[in-house]
Amino acid sequence: MSHHFIEFADVAFRYPDGTPALQGVSFRVTHGESVGIVGANGAGKSTLVLQMNGCLLPSAGRIRIGDLEMTPGTRQEIRKKVGVVFQNPDDQLFMPRVFDDVAFGPINLGMAPERVAERVRSALATVGCAHLEQKPPHHLSGGQKRAVAIAAVLAMAPDILVMDEPSADLDPRSRRQLIGLLQSFRHSKIIASHDLDLILDVCDRCLVLRDGRLAADGSAADILTDQRLLEANHLELPLSLQTGRERRPRAGAPSFS
Amino acid sequence: MHMSDALLSPAVGGAMWAGTLGTIAYCSKKVRTEADDQVPPLMGVTGAFVFAAQMINFTIPGTGSSGHLAGGMLLAILLGPHAAFLVMASVLIIQALLFADGGLLALGCNIWNLGMYACFIAYPLIYAPLVRRHRTPGRILLASLASAIVALQLGAFSVVLETVVSGRSDISLGLFALLMQPIHLAIGAVEGVITAGVVNYVRKLQPEALVHTGMTRRVPGGRLKTLTLAFLFLALVTGGVFSWFASANPDGLEWALQRITGAAEIPEHTTGIGATLRALQAKLAILPDYTFKPDAPPKAEASRESLAWPHVDVGTTVAGMVGVAMMITLMFVVGVGIRALRKRAARG
Amino acid sequence: MHRFDLGALDRLAYGDSPLHRLDPRTKVLVTAAFVVTVVSFPKYEIAGLIPCFLVPVLALLLGGIPAAPILKRILGASVFVICVGALNPLLDTEVLHRFGSVSISAGWVSFGSILLKYVLTMSVLLLLVATTSFPGIARALGRVGVPAVFVNQLVFLYRFLFVLLAEAQRMVLARDLRAFDGRGRGLRVTAQLLGTLCMRTVERAQRIYQAMCSRGFSGRLPSVGSARLRMADWACLSLMALLLILLRNYDLVGAVGQHLVQIF
């Protein structure tokens, strides 16, 4: 139980062309926690997510997942515990049928075909996509693709679930269903998102990233109601908490990050 | 430039399929043993890219008509010859199956025509040597032009040969070549320019994308390749020898027709398009006496001629060789299939 | 060359009918055998090809496939064949048939034969695709011995085909909305568009690779499962073999004609 944790100790990451993406990031997520990661575009959210299962390795600092330290040798093993759902479902559904995609992980884990089929069916049922089993991914809607991508990771039964922008491109109803689904998960959850209202609904804890550094780490309820803190980090209050004054245009020429 | 089933004889189609399948097997082995893990998804997506690229049409300067990229050379540059051949083959299979571009039997020809020359002749013999020492935009343009033109000329000529040897069309080698080669010279030039443009653009902005991953080690020999070549050679020799013993019985329908039409004189048109074309054909005929048409129309004289046995004739020999090659291949394929089925049954 | 109505045949492939339920291997074999048989008819054959139409018509009916998309594609892809085939009547003018004062040259007969063969071979090919999903065909190939590397390539290509086509469509649209009077569509712009698409393709491949690794991919691609051929498959294969032998070696049209003549 206690060994399901992720720990970042003074992690830094630099892209091959020299751009610094993360600097001095330290935090620890323990079993059962649900943590949101927020920040402006370019703050380093996606880079942080990629560090969590070894797609990118830190340039400095240490990452521990349970009793394993993140190294090129251990990352295959780590990927069995940490399941990552990326931003674009089209990048993650690469098999010809939904069933094959969701089965990909369990097959690679070495499971017998009957157990694989069991896992696939139960994962698809969890996300409400059992009827899509035989469909090819390009016949699915955006929301369905996203659900299947989540199922594909759930089928591996990871201890920790990491998601990057899960609600992007979802219509309001699908988004609401996604929130319900995430709330029902017992896994440890780490969710990187612009959708502050989703974070507010789903996460107990919140990390704020700015320019590659951790600007704040505390309870989601505290951070996401702190207007000054949010605005100092190029964010806003969640829409559901805004009263109307926040919606007036700001002075000066626009500049996008 | 896509061949069609209706213009092919089973012999030619089968022979080309044999060549293509052998090459696919060889390239698959190469990719499996030498390419790194990143290559399979890259191959898949670049195949889709070729399709997508063919959608982006442009106006050809000077003519006003529109054209698009074929992609063979670009694939070879991006992925290396072996992976590129596989990608080209997969693209053509999808084109044939999902978009009805070309037939099932003709697929073997099309994959060979569009893949073989670009990947295994133009790229290693023309593009790579020209670009190896000086990777400048100018050099790349020159190399692309030369290799694309050569690849397409060879491909177009293959279409000509395949059609003529099949004998379903009356068009002669010379006439067909005269129609196909110049057009594909122009197409090749445009292809070369666009390929160079893409390569230079990507080099400027993301040079690491052009390192075709993990295929740069040279492995000497390769038993599978030797085996395949030996197999094909044997088939050709066998076919050549056997065809000399093939008797030339006129086909059932033709025999019936001979009896109906009797010794009717054959009127020839002296005016019109037919006459012009025939005159042109006669002038261009490279080998006017060669029987490249195994199914010649029944002539009154033929029924009276008795053909000596064995029937030694160069045209029949070619057809015969090709026919045996196909038969052997079919048997090989069926044999493999049966063996595979038995293995499954044994495993239970 | 490509129409923008992609995927119509692909959608039909996911339907359900006795034909859809046959093993893909059966359908591929049967289609290939039919194509080879049709193509093996000699150059001037017309009568023998007519009864062959039984096969595509039966397949159309059994598979519940609408005729319109099939016919449309047959027509659309016929340009090359028609162009080359049409030279036959011009080049081969020996007279083969005479009906009173009308004489038909051998060239027209061979052209007719070419057209019939084209329609026959193309229709069964399209019907194969319309009743067998492309991944099914790829799996069938894998089961008869095609190397796994190539089968996986076919499967990946198919998967990302529609994604990239949609992307290219958007790029072309974006270009066309800002191209006027023939400017903006030249070679240089095209090369740049293609270059951008190429880079995006490579980046996408990297992301896919990351997603694959994240789900445990270690270099070995999943192998094709095995399945037994069912009774329906064996029945289809044997029936087809019999039918093809019949079609190729017996003058069915003549026999029917003779019987009818005898009756009247």
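Labels for the chains are A, B and C, by order of writing; each one numbers its residues from 1.
Just so we're on the same page, a residue touches a chain if its C-beta (ideal position, glycine included) is under 8 Å from a C-beta of that chain, and two chains touch if they have at least 3 such contacts.
This is a predicted model, so every value here is computed, not measured.
Compared on C-beta pairs in contact, B-C and A-C come out with B-C as the pair having more. Closest to the middle of the protein, by Cα centroid, lies chain C. Taking each chain's centre as the average of its CA atoms, subunit A and subunit B sit 49 Å apart.
Rounded to whole angstrom, the centroid-to-centroid distance between subunit B and subunit C, based on C-alpha atoms, equals 18 Å. Here the CA centre of subunit A is 43 Å from the CA centre of subunit C. Counting partners per residue, subunit C has 134, 155-156, 158-160, 163, 204, 208, 212, 217-218 as the residues that reach two or more other chains. Looking at subunit A, one finds that residues 94 touch two or more other chains. The multi-chain contact residues of subunit B, meaning those touching 2 or more other chains, are 41, 44. The residues of subunit A lying in touch with subunit C in their complex are 50, 53, 55, 76, 79-80, 83-84, 86, 88, 90-97, 100, 103-105, 107-109, 113, 134-139, 152-153, 156. Residues 2, 4-10, 13-14, 24-25, 27-29, 31-32, 37-38, 40-49, 51-61, 68-69, 74, 78, 86-87, 89-91, 93-94, 96-105, 163, 167-172, 176, 190, 193-194, 196-198, 201-202, 205-206, 209, 251-254, 257, 261, 264, 266-269, 273-274, 277-278, 281, 293, 295, 297, 333, 336-337, 340-341, 344, 347 of subunit B are the ones that touch subunit C when the two sit in their complex. Interface residues of subunit C, counted against subunit A in their complex, comprise 7, 11, 14, 133-135, 138, 155-156, 158-160, 162-163, 204, 207-208, 210-218, 222, 225. By the touch criterion given at the top, residues 1-3, 6, 9-10, 31-32, 35-36, 38-40, 42-45, 47-48, 73-74, 76-77, 80-81, 84-85, 87-96, 106-107, 110, 113-115, 117-118, 121-122, 125-126, 128-129, 134, 137, 143-150, 152-161, 163-165, 167-169, 171-172, 182, 185-199, 201-202, 204-206, 208-209, 212, 217-219, 221, 226, 228-229, 251 of subunit C touch subunit B in their complex.
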